[in-house]
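In what follows, structures are represented as structure tokens.
Two complexes, one shared chain (subunit A), two partners (subunit B, subunit C).
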Partner chain A sequence: MAITATKGQTGLTGNSAVAYAMKQVNPDVCAAYPITPSTQIVEDFSGYVADGEVTTELITVESEHSAMSACIGAAAAGARVMTATSSQGLALMWEMLYIASGMRLPIVLANVNRALSAPINIHCDHSDSMGARDSGWVQLYSETVQEAYDNVFMALRIAEHKDVLLPAMVCLDGFITSHAIENISLLDDQEVRQFIGSYSAKASLLDIEGAPTFGAMTLPDTYIEFKRQQSEAMTRAKDAAIEVMKDFGKRFGREYGLFETYRLEDAEAAIVVLNSAAGTTKVAVDALRKEGKKVGLLRPRLFRPFPWQEIAEALKGAKAVAVLDRADSMNAFGGPVFSEVRSALYDLDSRPRVMNRIYGLGGRDYKVKDAVEVFNEALKAAETGRVDTLVKYITL
Partner chain B sequence: MATLKDLSRQQELFSGGHRLCAGCGIPPIVRLVLRAANGPVVATTATGCLEVGTTIYPYTAWRVPWIHSAFENAAATISGAESAYKALRKRGALPGGDREIKFVAFGGDGGTYDIGLQALSGALERGHNFLYICYDNGAYMNTGIQRSSATPFYSSTTTSPAGQVIPGKKQWRKDLTRIVVAHDIPYAAQTSPHNWSDLSKKAEKALKIQGPTFMNVMSPCPLGWYTKSEDSIKLAKLSVDTCYWPLYEVENGVLKINYKPREKKPLVEWLKPQGRFKHLFKPENAGLLEEFQDRVDAEWQRLLDLEGKRL
Partner chain C sequence: MSTIAEKKEKVSVPFDYNKYLRPNKLPHIWCPGCGHGIVLKALLRAIDRAGLEKDNICMVSGIGCSSRTPGYVDFNTLHTLHGRAMAFATGVKLAKPELKVIVITGDGDALAIGGNHFIHACRRNIDMTVLVMTNSTYGMTGGQYSPTTPLDAIATTSRYGNIEPPFDACEMARASGATFVARGTAYHTIELERTIHDALVHKGTSIVDVIDACPTYFGRANKYKSATHMMELIEKDGTVNVKQAEKLPPEKLEGKVLRGVLHKVERPEYCEQYENLIMQKAAAKK
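Our next item is the complex of A and B:
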């Protein structure tokens, strides 16, 4: 059931909150295909369309590949475009994700994180969005329903930022966040409208007189220049993200940064983890702090672009860092967040020891005791200066 | 309908200087279709000869707004553009002010019969207002003449070569037009560029209709057919006169054959000049030629039986 609340505290699931954010954005076009666990976003949004609460053209496509293809056609026509998916759906879009970013179309996609087959599994891990981490999309991760809701608006602003013009993905954990009801604070429609502003595309397929050509073929004499421009836009997306998050905080009082730190300042051992597992980890931090153990947390929010200098700066005081990945790169060298964080720390004069723990694949619970165990291992590494096992599966 | 004189006075929307082969069937098809729009038109093209040959950056042969995104999704891409048009029109935000804009998607047989069939089916079912043009040259010509499901019976291609034991492609051509008709769209037709008037009439009709429309167009390919460039239009005509490629249309479900050859030519007249069928003319393959002719006769008869009927 689509909700009709306008402002204030409301109990919403992650999916309903994202759908409500989309309703408040009222995009010109939404092309989407249902997939667990993001289905409810598309269902709720379809309800808003059916009830005339948005003026969006909803295209109920026959596959996620066509969903992203239609989003690209619509965005190239100058429309503000949004969609949602998960897992196999994102995987099926893969070809088109690169085309959306290569064509510099600021599409916004909510990805409700779910494991990839095989074996088939509908529960949470980050294999889907991590598989798309090099597709040229800005990626924002969300710990809570509130953050997922807020990220939708911030993602749109970053994507459409004149210095960026790249598509953006908001990631939230399947079931854990998508289906859990949280008490969240909604913006009112006017606030949303003022924050996101109106969108005017640089070029449009509907400009008959200008007759633009989108998606021309490039040969070795020009391709790399296009890619360099795209890469530079991704580099600029970091500053755009900072600007947008600051503006969001100033307007609505909810402060967001490139990442969140929790009791990290004097921590000797730190965990780096994305999304909802950070909540569990914070409980472990508090428990261990009570025992006098100096532990803390860093939770990346902006994963693409990867703010490596800021993350290295924030972690440089720690003696040991355990990076938790809810996805495996299957490279026999750990998960994707681990590779990035470890690489970011390389240029520090005095580097923390770094270890990687792969956890929670396919929705396996990650509990406070798991975080405590990782912290204890990291504290040992901090003390001895040695990491016994570089990469290891936990929560088995 | 516009006369040839009228057409010659219209602005060319598909410019010369593109890099499609001499004798390629695609350019006359595109020129006639864009002219038939007779007003603002937006085009998309699936990956293939037409895309590769017309938009090598920084050049473009398109004097209309144009987009290429991928191979299998021309119908999905155009449905996005058409939906954006509706949305922007609704809120009075069209770049050139409020006006009718037509949408045309072009795809080859590979991008339409095969990899793009799902996207096409979806867009037809959803009822977007667009015309889909399939230029059917009977193989994946852009990548070097590999078989598609549109490849004619016993045609030799690089992935169905006529070998010592297998005489080319063993499967009959998929009847895409029939599949499209099964979507119950307002208009579907088969045509050929040798008959500019038939092609133009059908494109004009299709583009006037609100809703999804489809045209399957014979498109000679000297490179893949192993024929002379100057024979393309003649060969397109022979495909029709032999009844291999009947010209017909299905309007609101009713089938009409637009051209019945006074004297149905033997299929070999179309096959003989084409290198892709060379092996069929070896004495030991006489039976295959007979089988091919029989099947063409049967398909033509099926069409005759359906004439005037509601499908």
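Our next item is the complex of A and C:
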């Protein structure tokens, strides 16, 4: 059943909000396969297709492998393409994620973060999108339903930006954000159209004159140049993201940056955390600030490309930083966000102490008290200049 | 002459399902009206009748409603990835050919995302029994149409009716090389037990397509009055036993799906062939 939402404040789940954003984008093609907890996105969207509210060709294929393959085929033919998945679905798309980015096809995918098997679990953690972090996709993370909705449009603009042309992934937390109804403000279809503009592929299989080729064999004489171009495009994606987010804020009044900071300016101890856990952490920040403790938060929004200089600059005043990861890299040296943040801080003249806490795997609750405990540990490290345990599982 | 009491005792001894179950994992997750529980019971009785030892059974499943079955049974169980059950099961069987490998899967799992593994297991004729619980629906994710959804049927992804022609799992299994192909329904529970038993004792890839309606999604979307109504229309009235079918005129068979053992041939089994080849080569070396 399609959600009938109008401009102004309305209550939507994260999935319905993403589906509504897709409806407003009205992509040419959407190929998808159902998987919990992202299913509702395509389910709602199929309602829009059935009701003739979009002109999208919806292809319900037989697996995620086929879904991303069909998306790539359509994008190579010059279509604006979107899809959604989660967890094992993203894992089954793995091979194709690299094809999409290598062919420089600006596909937009909503990934509803869910833990990877085994053991089977359908609840939230970030092991799916973190595993795909080196696949050449731009990654935007979302704390709330509103942000997930807004990120869809921004992801599309960044992906299709003439200096970028890379696929982009919008990540939101499974169940916590995907299934929770929040009050959100929707844009007018007209506003969306003006913001995203029309799409004309730089190269298209349907261009008979130009007759381009995609994915052709490149041997050691050319492959590395392709990869270098791709890497440079990813570097440029940061500036494109800044430009797109600024434009979004100017048009619609909701300001977004590469990351969000919360009471970080004079903080001695900071938590760095993605997505919905930031909301919980903000409550802990407020509570500890009331006790006179100088704590703050940094929530990365753009994780690929990773804005390392800006993040180092924002954290340089802190004496201790606790990076929270909802995924483990299984490298015995902490989670993926930790590795990036710690590496970003390396070039500072005076570095904060850094620690890593792995939390909430497989949907385990992360509560205000957990954030408070982490802050207390970080405050102790700030005071003593020593980190007792570098990497530790919490919320056990 | 046995007394009435003894006779009563003889016919009414209830089958001890608990012997094969993990009672602490129950209740199951299946919806009221779903036939998966009936199929599981038929399977357990068939296992009992075949005299299989539960420690010698390995049950493998993928993802979906039917694939939750291994959680409830007290065998060696392996719950794997969507579509991959038969590939995992192939690994199990090759490593431990002495195990009785049973795959529990659904139509979406076996025929869509895992279609490739399905045809290749059949082609190899590797010894395993595969129960495809066909409910023409992706039940776990909200009622999307599946590769066995009939034409024109309504699903959450086919609001105006399905335009994709469905697979016949049995035809596909037979064409792919399976040496035992049968069909049952959750409605014909005694017959189903017999069919599964025959599949279990067959050497080679045995496929049992079990028609097992989903009242929650398929039923509601396609305006069936109730789960029983659905069972009667689809499973009882919509099917006919292959032996009865031989006696019926063609007009009576129109639109009916055949039940029972549809195909049974003997062909060398994969693990045995593998073993034979090794022994031959080893003997030639000596």
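Heads up, the rule we're going with is that the second predicted complex is superposed on the first by the 396 of 396 C-alpha atoms of A that agree within 3 Å, B and C clash if a C-alpha of one lies under 4 Å from a C-alpha of the other, contacts with A are read in each partner's own complex, and residues count from 1 in each chain.
The rule is short, and it goes like this: a contact is a pair of C-beta atoms (placed from the backbone, for glycine too) under 8 Å apart; a residue touches a chain by one contact, two chains touch by 3 or more.
Computed from a prediction, not measured in an experiment: that's the story for all the values here.
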> Which partner does A:Gly78 contact after superposing on A: first (subunit B), second (subunit C), both, neither?
Replying inline: first
>> With both complexes superposed on chain A, which partner does A:Asp266 reach: first (subunit B), second (subunit C), both or neither?
In response: neither
>> Looking at A:Gly215 after the superposition, I want to know if it touches subunit B, subunit C, both of them or none. Which is it: first, second, both, neither?
In response: first
>> Just checking: does A:Ser63 make contact with subunit B only, subunit C only, both, or neither of them? Give me first, second, both or neither.
In response: both
> Where does A:Glu291 make contact in the superposed view: on subunit B (first), on subunit C (second), on both, or on neither?
Replying inline: neither
> Which of the two partners, first being subunit B and second being subunit C, lies in contact with A:Asp349: first, second, both, or neither?
Replying inline: neither
> Which partner, subunit B or subunit C, touches the larger number of subunit A residues?
Replying inline: B
>> Considering only the contact definition stated at the top, list the common interface residues of subunit A for subunit B and subunit C.
In response: 60, 62-63, 65
> Considering the complex alone, what residue numbers of subunit A touch subunit B?
Replying inline: 28-29, 31, 55-57, 59-63, 65-67, 69-79, 81, 95-96, 99, 103, 204-219, 222
>> Residue numbers of subunit C touching subunit A in their complex, please.
In response: 63, 79-83, 112-113, 115, 138, 140-142, 144-145, 147, 156-157, 159-160
> Which of the residues in subunit A come into contact with subunit C in the complex?
Replying inline: 33-36, 39-40, 42-43, 46-47, 50, 58, 60, 62-65, 88, 92, 117-118, 120
> In their complex, what parts of subunit B are in touch with subunit A?
Replying inline: 40-42, 44, 51-52, 55-58, 60, 62-70, 72-73, 75-88, 90-91, 93-96, 101, 118-119, 121-123, 125-126
